[in-house]
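These are the structures in question, set out in turn.
Each of the next two complexes has chain A plus one other chain: chain B in the first, chain C in the second.
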Partner chain A sequence: MNFKNKKIVPYLLVLPYIIYFLMFVAYPVIFSVILTFNKWNIISPMQYAGLTNYIHLIHDEFFLKSLGNTLIFLAIHIPLQIIIALFLAEMLNQKIKFRGFFRAAFFLPVIVSGVVVTILWQQLYGFDTGLLNRVLTAVGIGRIGWLIDPSWAMPSIAIMATWKNVGLYIILFMVGLQTVPQNYYEAADLEGATHWQKFRSITLPMINPTIFMVVVLSTIGGFSLFIEPYIMTGGGPLNSTLSAVLYIYKQGFFYYHMGYSATLGLFFALLILGVVMIQKKFIEKEK
Partner chain B sequence: MKRILFYIFLAAGAVVFLYPFIWMLLASLSPENQIGNLTFLPTSLTLSSYKQMLGKIPITRSFLNSLFVSSAVTAGVLVFGSMVGYALSRLEFKGRDLIFYVIIFTMTLPFQITLIPQYILMVKFGWVDTYWALIVPYLMNALGIILFRQYFKSIPQDLIDAARIDGCGDIRIIFRILWPNSIPSLITVGILTFMTSWNDVLWPLIVIRNDKLMTMPQLVTLFAVGGAAESQLGVKLAAATLLALPIVIAYLFFQKYFIQSMASSGIKE
Partner chain C sequence: MIKKLLKIFIIIPFVLAQLSCSSKSERNPDHLIYWSSNNTQEIDFARVMVAEWNKENPQRQISFQPVPEGQSSEEIILAAVVGKTTPDIYSNMWQGDVEDYARAGVLVALDTLKGFKSFIYSRCDSSVVKEVTSPDGHIYQVPWKINPIMLMYNKRIIEQLGLSGPPETYSQFDSASEKFKDENIDSHGYVEKWFGYSEVLVTWWQRFFDFYPLYLAASGGAPLVKDNKAAFDNKYAVEVFSFLRNLYAHNYFAKERLSVRQDVFLAGVIATRFTGPWEISHADKFKPKGFKYGFTHMPVPDNHQGPVYTYCDPKNIVIFKTCPNAQLAWDFIRFMIDKKNDLMFLKMTNQIPRRKNLETDSVFAGYFKDNPKMVEFAKQAKYVKGTDPYPNLTEVFDIISQEYEACVIYGKKTPQEAIDDAAKQVNLLYLK
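Entry: the complex of A and B
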């Protein structure tokens, strides 16, 4: 191969990616910004609309509702996920039998499609004959309106999402916990530290990066929630499970408000980036 | 004593994660009117839910669609990902770092922003209701490139030099020298890509309306949501069970790889 060829080869290798990037990343991002200043139903020509979409966004109660719902989801999902995953990871890191079996069992919901999990939990959450309510009735607690009570619907989805994802975070915490040097604990033992003290001042700071990762991935997951409310509730009851992506989807593909839907998408994307950056600052400070 | 409590707790955990799936399987095999009472053991087993479901939706066809789409996407990500990963890790050229930073940037870009414009792109290309719409936008991804870049960096230079002396070009180096030495990363990227593609529902719902072209999770979703299931629990659960089956079977055989792959997607950096 001659010298001249050698210089072109790297560019030929990355060329498909550059085309891909321009077409499916750069162009859509730029076009989405343009769309936010327009009204368009795809069929008739695009109409310049100035800041109408942005003004509408601020006053849109459904948008605020979907934002609030996402925050409710995150407020339940993130702490629940971290506590359960940390607890089970700590247990699995002990010298135990059947570790492989337990790990595989906790991980199973992670690999199964969200569609399967949602259809299954819709039955488990059923009001009259759902498995959960039958168990609760049997132990004397009585029925809960998991998916039909507006104040329960989003928490129910958050619980289901925790059940589905926690296996992944157990694995990540298991890896994180193994990076903590054993002699730190031994030194603490000599000074008579309690379990809680050791956890607070050794374990927690050491697994901070893992916690950050779990918080970020869960946050992105919360803002990406779609198939769960789509199948289970359609966003109801009383819009209590209307999620960010479900609302983008409805505006775009139900009402064909392409401009407004793009505005919602842009806003939620910036919000995700902003929230993740704040979380990063906050968790690094904790260190 | 403490030991026993420990195991009881773990076993209870395993039941919480496994039992719902077992219940789903049993419920899908129970007569419709008994699902509401099913807790542990079904009184009788029947395939009637499956027979009814098969008569209502083209689920076999959708399974083949999903298999085709996810395989094509995975092949694309492996081939293009290793080409770009190789260039970024093993070759010197102007703009290399810029491309790398662009790739990192795209990884942080939330999909919410590109969803609508990408759909419009599909409309303009005339790709709505074609396999192209399901495959082409996913032929490459940042994570695949980054994992390959990382992995190729760890391969000894001697191996590549020797191949060059034998007259190998870069393409042959990638697929004849690097690939056989990168089986773990091929498996990791492969499983990750295949699963993401297989489980995606939002995009197919947007670009496919013809039920002959629908992916399996999409078809099952629309079946569960729409009127076709006629609010029968059994047929929905039968559809969900069939949807879970391929991945669960693969998981039983390649469990270790699944866990490693998924964990590496979280670790990223």
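Entry: the complex of A and C
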């Protein structure tokens, strides 16, 4: 092998990824952007539509509704997830009995199929037949229309998503907690600080980067909310669980409005990018 | 080594591209490809048909395969159309999709083929031929098989309610539902059994099992879309919404999804179900001991006159324009759906061939004697409708579904408001 050939080796090694990238990332992205200026129902030839899709997007009340629903989901899911994950991480960071078992048990839902979890919770949430309502009635609280009441449906999905994902964030918080130097707590103990004071003044500031990472991950994950409403509610009742991704999917694969679906997708991707950039700024500021 | 790798990277895609191109241009016009539905009984039927045809026509061969597996056969066909990999003949095309494909220019106009018109008029009533004729005057589909939607009921429950037969009108249905609910509600107000159940999801095709057959029943088979406008803004649609709304408002029908549990009908959790003949083999296989069921027509308004229509979920046969020999394709289809083979189809699949006089034709008499439950469906087959020959039906049904949810399930709109709003949106859809 001569020197000339050696120079080519790195390029050859990255070639498979470049081919993959061009075929499955770059080409679809470029094609999607082109689609946004066209009308296309897949079976007929594409028709140039100028800015029609963008104008439609501005006036599309269903898309606005789906964005609002997604924000409602995020507003419930993210704080709930952080509070529960942090609390459980703090508990599981103590020297308690069966700690290994609990750590595994809390992580278990993360590796269970989203579809399976959704079907399971659908049973629990049943209005007349679900276990949760039976328990609520037994303790004297009335029934809740978990999935059939428009004001409860999205919070119900947020609770389920939190249950499913919290294990992952417990792990992240535990990693963060284990990086806090023990001597800080020892010094606080000498000063007579309470557990809450230690948590508020030492733990929270020290794990701030982890909290922000969890917020970013939850935000991106929450924006892509799809499986849960798709299987559980189909976006109902009364479009109260119609998430943005579900709406984009419906436009594309129910009605074959490919141009409009691509426009929604592009707008939504830019929106997520903007939110993450803002969050990144916050993280950098905190650092 | 590196040079070899480079050659492989360059040569393999080139060779593959060449192969894929050459295979298309070298189609033998006397060797066609046929895709059937991918349910077991239809695969068996198609296999028998193709074997018989190939035996009798050694110079004009048909290759058969079921439509490839996917989320739905509709998606697979769409992907095949886009990729220009459609079969020559496809026998599981939903009637509502045909107009979209016809307008896209991917289907053969069958009425241009020799022998088509005389055959179709000898097989089907003129109303059926009219139903499958596109607004451009051509016929792009062969009406093949139907599964009429009817009311399936639990005979024991009907007897226990003291009724002489299944409810046939809205008021009979309401009073039976009320009686049944009174007997199946606990002290906390939990309903344990419902008189009926229909999927509450807004998914467009769910309306094939509630609103649409009820609308056809009430209206005597009126269209949903006509002259590129909504045709359902009438008293029948309002009556259907009112009827269904009342069922949900009184909790006679469950608002929650029951379908992921056991078969709620066979378990006695629901007393009735709007469904098709495919339930018979399932029910006979899984029903508990002593369980008896029957079928009757869809409920109608109390003052209804005349025959009771329903939706028949028609699946038809089409020839794609990628076919190199449309006449051969039609000859094979004609062979596959002749009277003798329709009988075989009926026996093998328990699905109704869409042909006239099915119930009275002596060729089919033996089958109906052996399968008395199918007689109701054969009688109903005279009064069925598929879909209107207009594009965008998916969106039409979706619009109706949205209004159905708002009015029927959640009572947020009156039936009149919901139907008016749906009609306005459908009119806008066809204006675009």
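Methods note: the second predicted complex is superposed on the first by the 279 of 287 C-alpha atoms of A that agree within 3 Å, B and C clash if a C-alpha of one lies under 4 Å from a C-alpha of the other, contacts with A are read in each partner's own complex, and residues count from 1 in each chain.
In the analysis below, a residue touches a chain if its C-beta (ideal position, glycine included) is under 8 Å from a C-beta of that chain, and two chains touch if they have at least 3 such contacts.
Just so you know, these numbers come straight off a predicted model, no measurement behind them.
Student: Touching A:Ile119, do we find chain B (first), chain C (second), both, or neither?
Tutor: both
Student: Regarding the shared-chain residue A:Phe254, is it in contact with chain B (first), chain C (second), both, or neither?
Tutor: A:Phe254 contacts chain C only, not chain B.
Student: Identify the partner contact of A:Val110: answer first if only chain B is touched, second if only chain C is, both if each is, neither if none is.
Tutor: first
Student: Touching A:Asp128, do we find chain B (first), chain C (second), both, or neither?
Tutor: In the superposed model, A:Asp128 contacts both chain B and chain C.
Student: Is A:Thr233 touching anything from chain B or chain C once the two structures are fitted on A? First, second, both or neither.
Tutor: It touches chain C, and chain B stays clear.
Student: On the A-aligned overlay, A:Phe37 touches which partner chain: chain B = first, chain C = second, or both, or neither?
Tutor: neither
Student: Should A:Val9 be classified as contacting the first partner (chain B), the second (chain C), both, or neither?
Tutor: Both: A:Val9 reaches chain B and chain C.
Student: Spot which of chain B and chain C makes contact with more residues of chain A, would you?
Tutor: Higher number of touched chain A residues: B.
Student: Touching A:Leu168 in the superposition: chain B (first), chain C (second), both, neither?
Tutor: In the superposition, A:Leu168 touches chain B alone.
Student: Check chain A for residues that touch chain B in one structure and chain C in the other, and list them.
Tutor: 1, 9, 42, 119, 122-123, 128-129, 234, 253
Student: Using the touch definition up top, name the residues of chain A that touch chain C in the complex.
Tutor: For this pair, the touching residues of chain A are 1, 5, 8-9, 12, 15, 41-44, 119, 122-123, 126-130, 137, 143, 145, 147-148, 150, 233-239, 253-256.
Student: Residue numbers of chain A touching chain B in their complex, please.
Tutor: Those residues of chain A that touch chain B are 1, 7, 9-11, 13-14, 16-18, 20-21, 23-25, 27-29, 31-32, 35, 42, 88, 91, 94, 96, 101-116, 119-124, 128-129, 131, 134, 163, 167-168, 171-172, 175, 213, 217, 220, 223-224, 226-227, 230-231, 234, 244-245, 248-249, 252-253, 258, 261-262, 264-266, 268-269, 272-273.
Student: Can you list the chain C residues touching chain A in their complex?
Tutor: My answer: residues 1-2, 5-6, 9, 75, 78, 81-82, 100-101, 103-104, 106, 188-192, 200-204, 254-258, 260-261, 394-395, 398, 402, 405-406, 409-410, 412.
Student: Which part of chain B faces chain A closely enough to touch in the complex?
Tutor: Per the touch definition, chain B meets chain A at residues 6-7, 9-10, 13-14, 16-18, 20-21, 23-24, 27, 35-39, 80, 83-84, 86-88, 91-93, 96, 99, 102-103, 106, 108-121, 123, 137, 139-140, 145, 169-170, 195, 198-199, 201-202, 205-206, 217, 220-221, 224-225, 233, 236-237, 239-241, 243-244, 247-248, 251, 255, 258-259, 262-263, 266-267.
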